[in-house]
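Per-chain residue numbering starts at 1, and chain names A, B, C and D are given in the order in which the chains are listed.
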Amino acid sequence: MSGNTLGKLFTVTSFGESHGPALGCIVDGCPPGLALCEADIQTDLDRRRPGKTRHTTQRREPDQVRILSGVFEGKTTGTPIGLIIENVDQRSRDYDKIKEQIRPGHADYTYLQKYGLRDYRGGGRSSARETAMRVAAGAIAKKYLAQRYGIGIRGYLAQLGPIRIERLDWDTVEQNPFFCPDPDKVPELEAYMDALRKEGNSIGARITITATGVPPGLGEPVFDRLDADLAHALMSINAVKGVEIGAGFAAITQKGTEHRDPITPAGFLSNHAGGVLGGISTGQDILASIALKPTSSLRLPERTVNTRGEPVEVITTGRHDPCVGIRATPIAEAMVALILMDHLLRHRAQNMDVKPELSPVPPHPGGTG
Amino acid sequence: MSGNTLGKLFTVTSFGESHGPALGCIVDGCPPGLALCEADIQTDLDRRRPGKTRHTTQRREPDQVRILSGVFEGKTTGTPIGLIIENVDQRSRDYDKIKEQIRPGHADYTYLQKYGLRDYRGGGRSSARETAMRVAAGAIAKKYLAQRYGIGIRGYLAQLGPIRIERLDWDTVEQNPFFCPDPDKVPELEAYMDALRKEGNSIGARITITATGVPPGLGEPVFDRLDADLAHALMSINAVKGVEIGAGFAAITQKGTEHRDPITPAGFLSNHAGGVLGGISTGQDILASIALKPTSSLRLPERTVNTRGEPVEVITTGRHDPCVGIRATPIAEAMVALILMDHLLRHRAQNMDVKPELSPVPPHPGGTG
Amino acid sequence: MSGNTLGKLFTVTSFGESHGPALGCIVDGCPPGLALCEADIQTDLDRRRPGKTRHTTQRREPDQVRILSGVFEGKTTGTPIGLIIENVDQRSRDYDKIKEQIRPGHADYTYLQKYGLRDYRGGGRSSARETAMRVAAGAIAKKYLAQRYGIGIRGYLAQLGPIRIERLDWDTVEQNPFFCPDPDKVPELEAYMDALRKEGNSIGARITITATGVPPGLGEPVFDRLDADLAHALMSINAVKGVEIGAGFAAITQKGTEHRDPITPAGFLSNHAGGVLGGISTGQDILASIALKPTSSLRLPERTVNTRGEPVEVITTGRHDPCVGIRATPIAEAMVALILMDHLLRHRAQNMDVKPELSPVPPHPGGTG
Amino acid sequence: MSGNTLGKLFTVTSFGESHGPALGCIVDGCPPGLALCEADIQTDLDRRRPGKTRHTTQRREPDQVRILSGVFEGKTTGTPIGLIIENVDQRSRDYDKIKEQIRPGHADYTYLQKYGLRDYRGGGRSSARETAMRVAAGAIAKKYLAQRYGIGIRGYLAQLGPIRIERLDWDTVEQNPFFCPDPDKVPELEAYMDALRKEGNSIGARITITATGVPPGLGEPVFDRLDADLAHALMSINAVKGVEIGAGFAAITQKGTEHRDPITPAGFLSNHAGGVLGGISTGQDILASIALKPTSSLRLPERTVNTRGEPVEVITTGRHDPCVGIRATPIAEAMVALILMDHLLRHRAQNMDVKPELSPVPPHPGGTG
């Protein structure tokens, strides 16, 4: 593959299949002196962990992380941090029956075409299980960003199928299995998901991530723009089909007078840009949204071919998320954290001596634009 | 910046400011033996060139490209290809008056914060003028992809402000200044743009790119997925605020039975995936759409601050595109070409010996999903 | 650090401290379909393993490697290969006494200056123990190179202190603890090392590596030349202070008529170039030599300072190699294998379609130039 | 090639053939605010320039550099710096006669094998002419290192064929065409070179580079060690066959008590390490030496084959350096400057907040170890 490393200075390189002995990653470039223990990482892993409610896959994985290097006497040493999570609840037999089947909407076909062979157990490397290591690595970035710069990265479910969530109450987000920020919408989500599960179908979702306290100046134009790297990182999450920064696709119908964010000495008056101008952070909140497709693993039959090219009908039993978007919030937060961390290091490398004559303009209090 | 190189094996590194002496780039990694001359590159540069109609900036730049290396006796040698375009029509004085102004919605503020100083002449490096070199480099990738693999990359204007273009007639695209694929919509676009120009305002747009004939297998999960790298490349274009692959944000309200593309021995039955599954090309058409924001350079006044932080009112005269989306089609095509080229090289490096037992499944004839 | 990844397409990223719970690495970019099991890797690990004879450190590490991913049903899948080796025989207490001491000739001082803190247990990350993962990763490259291209990579001890080994009998190399290619020199080496150990001192060494069967064309000028990347990889081994390709420093006193290798249809007549011209492999044997310094861990006292900058006298007990060169042969072989593997992938990415009109010139049978 | 970029944060990407219209490079990642003009770069270009004395090639190239971007109002802006040098004195006809000949000891054979075709005019991309852009880029790094950190990088001719230069008088280095640091040796060098030229032969040389004032902490183990990256950069120079750091190959016969550099509160007592321990700078002088082979372009005949594989005799007329080492000093200085610059940026990215409790130990005044 040779594509399993993310970042340039703060790098994450990961390995591991859904049904192999373990998943792991190496975080290289973490500044020394950061207080770090396994509990710091476990918190986010638990937020992503499957099997917690009836609305997610019933695979039961404790996702217990171990730090194998890079931390000494409770502090990061500046050397690579090795992380590992043992797989516990592999039920490979679930997959024997689809060993020869090419599941529509899955990577079965493309892995077979690319590599000539595949680990068919739960999608092998293409399984969303791989995202556990993203969350683990992201937790380290999150902690550094919070402690050193006061940056906060949070996400929420903005839409699930037809259900749009308009109200944003951060306190609610962690109090329901959907990362839904509107308490009044939770019962509706519960009902919708129960019906969907009964139907045997799946549904898409929209997740929105915000990063507050990001200093102005992060991003390396013209190619490694902050928004471009965020798009790369977010689109690299399984099932993501779209990425927006700030106004996103709404900008198509906006006029310039409406979109450009006015500036006053008291601060920006709006944030349609989503915290990025010219590929560089403005100091306003970073606002990113992603669209996740519905999983294709359904017990409802569909036409496909087998590895010999013969037409067959596929039915996926096994254990799956009827809405992969439900557990995607901590994953998307992690990706944003990893990109911000990498760009912070890149920025200070070149510009640590810069003293702008113009003091930073305060962000628009509203946040979302 | 240190972010001016795109690609891993087929790399483009660019330089140049809007009002400096010249723009240039180095294309490294082009396979040897490709017949290449300046005319091959000039064709796409002319498609992007400003000042051709009243609907784009009146800056008159011939954008004449020169090949300085990497081509010998009409063929690429495998060594780096140096390209240069001299700037001709710089009217820097246009910018003296805004020397101290921070234009809202522009990179003025972020460059000043990041670097402590800026080239204020036409946005310097942050000017869309930089995209000329993307188009030049992309033209080389396009030619190789077409000749060696029969890959075709084309784009069109899918929406301009409120005007959605539903009909797709490829022959029309190059016959109007908007890259509009529906001949019946052209008068409407003309009228809209004339009114907009009179009003002194600008508008956003949507561009859609398709790549046909892409072999299955391109993409390097889990981070350098083909869709992720496309998102990075497309989001790195000035003014882009959103990227979609295949169904994109429409996938939010789709059910699994609707989104997953059924497979039969005769071929795929739809292409909601947009030609990518698990981050790897399926052999179906690659479908990508981008949202471009309206330019913030308007003669209509707006509140901002100057470099001393004092409140001022800014009015941008100079020469600008009232809809940057109009000239974005060749740029977006180039970015897709560069990413496909890079992934083709990466794929064959690792997998040149792979002989999949399953022969490729034909793409869905419809193309768009 | 952010410097723990080697290679561009065939990448090795490693982690682990001398006295942490485990060492590990991720090998990304290995072609799919290679038959691979732990025994393939263990063979080279055992060649490097400490504690086998009285001439190397008495630390007893089984160095048992586990494959955690990337191999399915006995074959590589093309996905990242996770490798891990648990540390077993850590005697950290050996190091408590030097906790505050800055050992001369060691990385204690530089790590403290760079990171502000250090894992003082056996040098932490700076320990030669880290090289175990290089050997493990190299074994995978070696197997692919041998099976797919018939490339053979072997090394030997060319000099130990004052003892120069002139005769090259490959069969002898693996039959003595020194990787000495001259059976008649083994007793002399035994005697020298016994005396050295009694004295409590250490000594330097020269190792020579040859790669046979390397096809012409590997190397990416002008910076990523094959010889340059070999120099990087070999100099990155602990204790290495010099690298030579072919004639190396002897070229200083050579005249052009003597150095240049004549070519005849029957083959090259010599190999002073060491298999590389213009940074690209010639198809002749790759010849590389390295100089290893004597270890500074001695029980003989030396002046130094402690972490408070006070003058102290240091004596290193613990367990050390009196000549680190003795175990360096498999490590150097691994580094050469990793570079050749990476360049093979890079070369075929760009040039897989190249058909040179001139058929390859046979190498000089003698090998060494 | 895809190997024409050096560095990770301070990157140099170059292009250009010996007989093409121009050479150029892009320097990306230079910190903003550095006062820079063409004269700053020209100084080092002139030190390398051919045709100044009878001892170097008679090709007359002014090597006039132009800055095309990245500098505004006399200061670097932080954006990529485009540099270009037009080729003036191309006498391609000199090369027509060897169009079909494979010159022994040259890259003719390897380029043909790798790319299937080659630019035979003066070696095309493999010509040492390419090093002009290394010197240009290095001059920018040199200036930043000197102004911001007080780092000084200087080199000298340490040996030319049989003539070893022992005495080091820095004032002499720039006062003779050989960069010889011993005034008494200059007549001997003149005489030797005159005889060599009459004979029609060429000779090898040793160049030594020192960097003073380098702060401790630069280098990214375990692979991107400072010494490893220096080895890479220096070995990437045309004709270099060997690289040494500090004691280099002399370390083979040293004992540990002799090699390790004792430390006292007053400073290091020697510098056999050459300023690098564990791959990280110690704060002592960086000491690196390289061996350059004799050029193979001779008017003395040699056996070879032509592009059809037939045996022919080659005689190289044209214009060449009888000792490429003579002009190598500024090139080697540039490579050391580029690596130090890159590592300074990398180091501060991760470790800018580090405050070591132990204050830096003064370097050994002697410098050379």
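The working rule: a contact is a pair of C-beta atoms (placed from the backbone, for glycine too) under 8 Å apart; a residue touches a chain by one contact, two chains touch by 3 or more.
Owing to the predicted nature of the structure, the values given are computational and were not obtained by experimental measurement.
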Chain whose mean Cα position lies farthest from chain B: C
B-C or B-D, whichever has more C-beta pairs in contact: B-D
Whole-Å separation of chain centres (CA-atom averages), chain B against chain D: 39
Distance between chain centroids, defined by C-alpha means - chain C, chain D (Å): 26
Whole-Å gap between the CA centroids of chain B and chain C: 45
Interface hub residues of chain A, defined as touching at least two other chains: 1-5, 9, 14, 29, 32-33, 78-79, 114-116, 125, 221, 346, 349-351, 354
List of chain D residues in touch with chain A within their complex: 8-9, 29-33, 78-79, 148, 221, 345-346, 348-354
Interface residues, chain B side, partner chain D - complex: 1-5, 9-11, 13-17, 20-24, 26, 28-29, 32-33, 66, 68-70, 72, 75, 77-82, 84, 114-119, 124-125
Complex contacts: residues of chain A adjacent to chain B: 1-6, 14, 102, 104-107, 109-116, 123, 125-126, 130, 159, 161-162, 196, 201-206, 216-225, 227-236, 238, 240-265, 269, 272-274, 276-283, 291-298, 300, 302-305, 307-311, 346-347, 349-351, 354-361
